[in-house]
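Below you will find the structure I want to go over with you.
Chains here go by letter, A, B, C and D, matching the order in which they are written, and residues are numbered from 1 within each.
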Amino acid sequence: MRGLLTGRAGARVRRPPDNTVLVLRDVTKEYANGKQALRDVDLVIPEGDFVFLVGPSGAGKSTLMKLIIRDELASHGEVFLDGEDLARVPRRQVPRIRRKIGTVFQDFKLLPSKTVRENVAFALEVTGTPRRQVGPAVDRVLALVGLSAQASQTPAQLSGGERQRTAIARALVHDPRIIIADEPTGNLDPLISWEIIQLLLRINELGVTVLMATHDADVVTALRKRVVALEDGRVIRDEVGGAYHRED
Amino acid sequence: MIRFVGFALGRAWQGFWRNVVMSVAATGTMVLMLLLLSGFWIVQTGLIAGLEFVEQKVQVVADLNDATTAERAAQLVARTAALPEVARVTYVSREEALQRFRDARAAQGEEDLTPYLGSNPLHASLEVTLRNPGQFGQVLEVLRAEPDVIRVKDIQDLVERVLTVTSMLRTAGAVVLVIVGLIVLFIIVNTIRLAVVARAEEIEIMRLVGASDAFIRWPFVFEGALVGLFGAGITLAILFGASEPLARFMFDFFRVLPFRVESIARDVSLLVVGTGVGLGVLGSWLSVRTYLLR
Amino acid sequence: MRGLLTGRAGARVRRPPDNTVLVLRDVTKEYANGKQALRDVDLVIPEGDFVFLVGPSGAGKSTLMKLIIRDELASHGEVFLDGEDLARVPRRQVPRIRRKIGTVFQDFKLLPSKTVRENVAFALEVTGTPRRQVGPAVDRVLALVGLSAQASQTPAQLSGGERQRTAIARALVHDPRIIIADEPTGNLDPLISWEIIQLLLRINELGVTVLMATHDADVVTALRKRVVALEDGRVIRDEVGGAYHRED
Amino acid sequence: MIRFVGFALGRAWQGFWRNVVMSVAATGTMVLMLLLLSGFWIVQTGLIAGLEFVEQKVQVVADLNDATTAERAAQLVARTAALPEVARVTYVSREEALQRFRDARAAQGEEDLTPYLGSNPLHASLEVTLRNPGQFGQVLEVLRAEPDVIRVKDIQDLVERVLTVTSMLRTAGAVVLVIVGLIVLFIIVNTIRLAVVARAEEIEIMRLVGASDAFIRWPFVFEGALVGLFGAGITLAILFGASEPLARFMFDFFRVLPFRVESIARDVSLLVVGTGVGLGVLGSWLSVRTYLLR
């Protein structure tokens, strides 16, 4: 899959299973206004895992993701990404860390003045990818999410679902080590939701770790992957092969 | 490295045209401000040239004894001209002096008084032009020591007044130029900042997809440079288009051009291009900084 | 409900059932780039109806809603809102039309610099509501959507679900005649989704027409309300008491 | 209506403070531009006053017959002063004329020539100051027709030169003022447009929730007016703070003030406040229009 996305040949060798991509140790996040969005969260995600992050609105799912891309820093505790303590990473190194992560934001974060193709290419261009590699990589991910026909439309000319898929394409184009998706199917119809999930599963099978926050009970329950449930900032459940709701 | 510069230039070019309203507004502001600055600079240059011209008019005049022979007068002229402070010496004979008096009265439309004068009461004189009007003291002393010189006109007061006025004008010109420069700086940096603020979202996305600071900053800096370059180009085109009629106007007005157009063309071009590009770059740099420092 | 929202006493008298709020007659919408987002759509919504608008991504659901708020004009055919032909309404009258509609946008459209309270109050203030009526009305809708505690946070400090609820509060505060909600539960967890639906049902019971685009099959199928299904710009199904998917 | 104005004012005030960076930038630009404009206006006013002063110096001088009695001279003065074109008439006796000649030589540092003159060769004269130096022709004719007048100094050439120079300076001043005015207009409207563009989203939301055009437009217009008002206030504070030292400087420089500070204070205040508020309103109006016209 990684090779497929960038045109490089050969799949990546899987690291030994004890290799962890993400470790949160006793993490608490308190916002400036005093709101504790995360409390004493411990979480270990080994390479190659597929993890659903569930929980009611306001539970702290997006906050957890912001900590991972170092958009926010933990108030207490440590966050390790690929073995590096994010609190210790100097500011100049942050972009390098972020390039290991493909992020699908809840609010898309597309540039309204750029076309779909340009929005996706943007993520490669601004991180210094050689121009001749950009085109093919973008075409491939656009085909993958089914947006080849809309490639030259701007976000304002897209349906909500198409915007979501554009955001997913942009997260994928970077050939990331871990994909963090914040409710990527929130505005999609069930059919396309399933397609996107299938896509993420395929990517995952090729060794890319996936962490996906979602409210889609059907999907979570059907797939029986690892489920981490947050409530009020605390991890209240972390079971492999779990359902959306507690089952005991 | 080359790829990076290419990328940044390409993005700058795109950014410029993608946001045409902003770019045109910024470039227009740039042009007007550069016109203002260069206009003031030209006036200031003209003023300084004009003041030097005025200062050159200050002369030390020494009346000679009526008994001085032409030969001794010529020696005196030679001796005076050899002084280091002296730029030029002119000998005015008694007849010339009378003629000048007559001409001066006529020019003022007054009656000629020479018929009423019994004989020529005027003296021959030396008119000494100084290299620097401030240094009249020594020349005065030397001339006073000459036996043939009967009187040296005291120009202390005149020199002081001229020097006060010219130095005042020089200071005022420089002050105004600095103030205008600061205005130009503020306005341009400000305009570019507003244009960058309007693209805060783009910068935010770049940060989040993992673009390094350099990749975020340089396209904006180049875009600022582009605005500066375009602005400077348009300004120079306007200036050179207007220089011909303006020079004619100034010539009509002052009867003499204080400076040659060609001689300042290079300086103006350097000033305009340097200021334009420099401020464009500075403005972008400062504006983007705000977003990176997080 | 209407009285409840604005503090006015007495519920509105229901109009006779043949009174239609919305009529689309043979509507086609072709965008400037040639894309036909709606084709020959006929739709009549009587006052007091609760209509689900379903269909795959890109089917034209949002386009239909844009036509109703006159954000776009139909390329062909007529759209009547409350008896007025929107194509004939002069530009100066458009704001008056829009005030009859409460709109929940798919992308929230909240102002990032304003707090939740201010964002909701904004909709009243800019339409000339007297200041002393604004405060109570805002408090009421915020309580209704469960955001009283977050009233003074800005959208950036909210979870996705909280943002969605803010948008819904803003649509409600105007005491509208018809509510148009474009996937209002897209990013909400099942529990809050149900709460929002219950809320819309209650509002509907008090006589406000509701048109809601959604991908939430559970909700649509469970409620057995009227379902209008779009596909590729055409109405392919319009049944009262329908399910999310075709049932024959 | 009152509620609407109250609402719009409140929103304008909020808008101003909510977006402090933009507002400060816009106000700063406003201040600098108003300083520029009022600076030019003051210079232009001073220039015009100075030119009038110069024009008043143009006089028609008529030499009188030495035989004219004091009584007839007085009658002549009265007759001339009664002419509509004449502002003032001064009688200069023969003795006074000689004294003036002596003083003028002394002031130039030249030798006194009066001892060489056998008798007083100068005539008594009338110095006629005109209301408008362009109208010298009629006065000239009337004086020439007087039997006691032996000669009227021909001032045609002088008048023409003075009038050419002064009208040239007036035109140049007006042209520069208009250009500066246009620059100020462009820059301010531009700055406000950039500030409004940054709030396009807000306008979009207002349109969609059903705000009428007036509710969208007026808060922005008032906000523009607020920027203008603040800018004008700061500008006036700066100007009046600087007026005292500046007036002293100008007095030192010209030895005479071409105008009284108080007399132009009102005009400057009107200019600054009017331009500031006017441009603020205009800029907002134009900028918001773009978003409403859809």
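Criterion: a residue touches a chain if its C-beta (ideal position, glycine included) is under 8 Å from a C-beta of that chain, and two chains touch if they have at least 3 such contacts.
What you see is a predicted model; the values in this text were computed from it and never measured.
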Tell me which chains count as touching both chain A and chain C.
none
Top of the farthest list for chain B, CA-centroid basis, is C
Please report how many Å separate the Cα centroid of chain A from that of chain D, as a whole number.
68
Centroid spacing, where centroids are CA-atom means, of chain A and chain B in whole angstrom:
63
Need the CA-centroid distance for the pair chain B / chain D, whole Å please.
25
Shared-contact residues (touching 2 or more other chains) in chain C:
none
Going through chain B residue by residue, note those that touch at least 2 other chains and give them in order.
none
Pairwise touch network: line, ring, star, complete, or other:
ring
Inter-chain touches occur between A-B, A-C, B-D, C-D
Of all residues in chain C, those that touch chain D in their complex:
69, 71, 92, 94-99, 101, 103, 105, 109, 111, 113, 122-123, 125-128, 130-131, 170, 174
If we count contacts the way the header does, which residues on chain A are in touch with chain C in the complex?
31, 33, 35, 54-59, 61-62, 106-108, 153, 157, 159-163, 165, 182-183, 186-193, 215, 217-218, 244
Please output the residues of chain D touching chain C within their complex, sorted ascending.
3-4, 6-7, 11, 18-19, 201-202, 204-213, 215-216
Touching residues on chain D, where the partner in the complex is chain B:
21-22, 25, 28-29, 32-33, 35-36, 61, 63, 109-111, 113, 115-119, 121-123, 151, 153-155, 158, 165, 168, 180, 183, 186-187, 190-191, 193-195, 197-198, 252-253
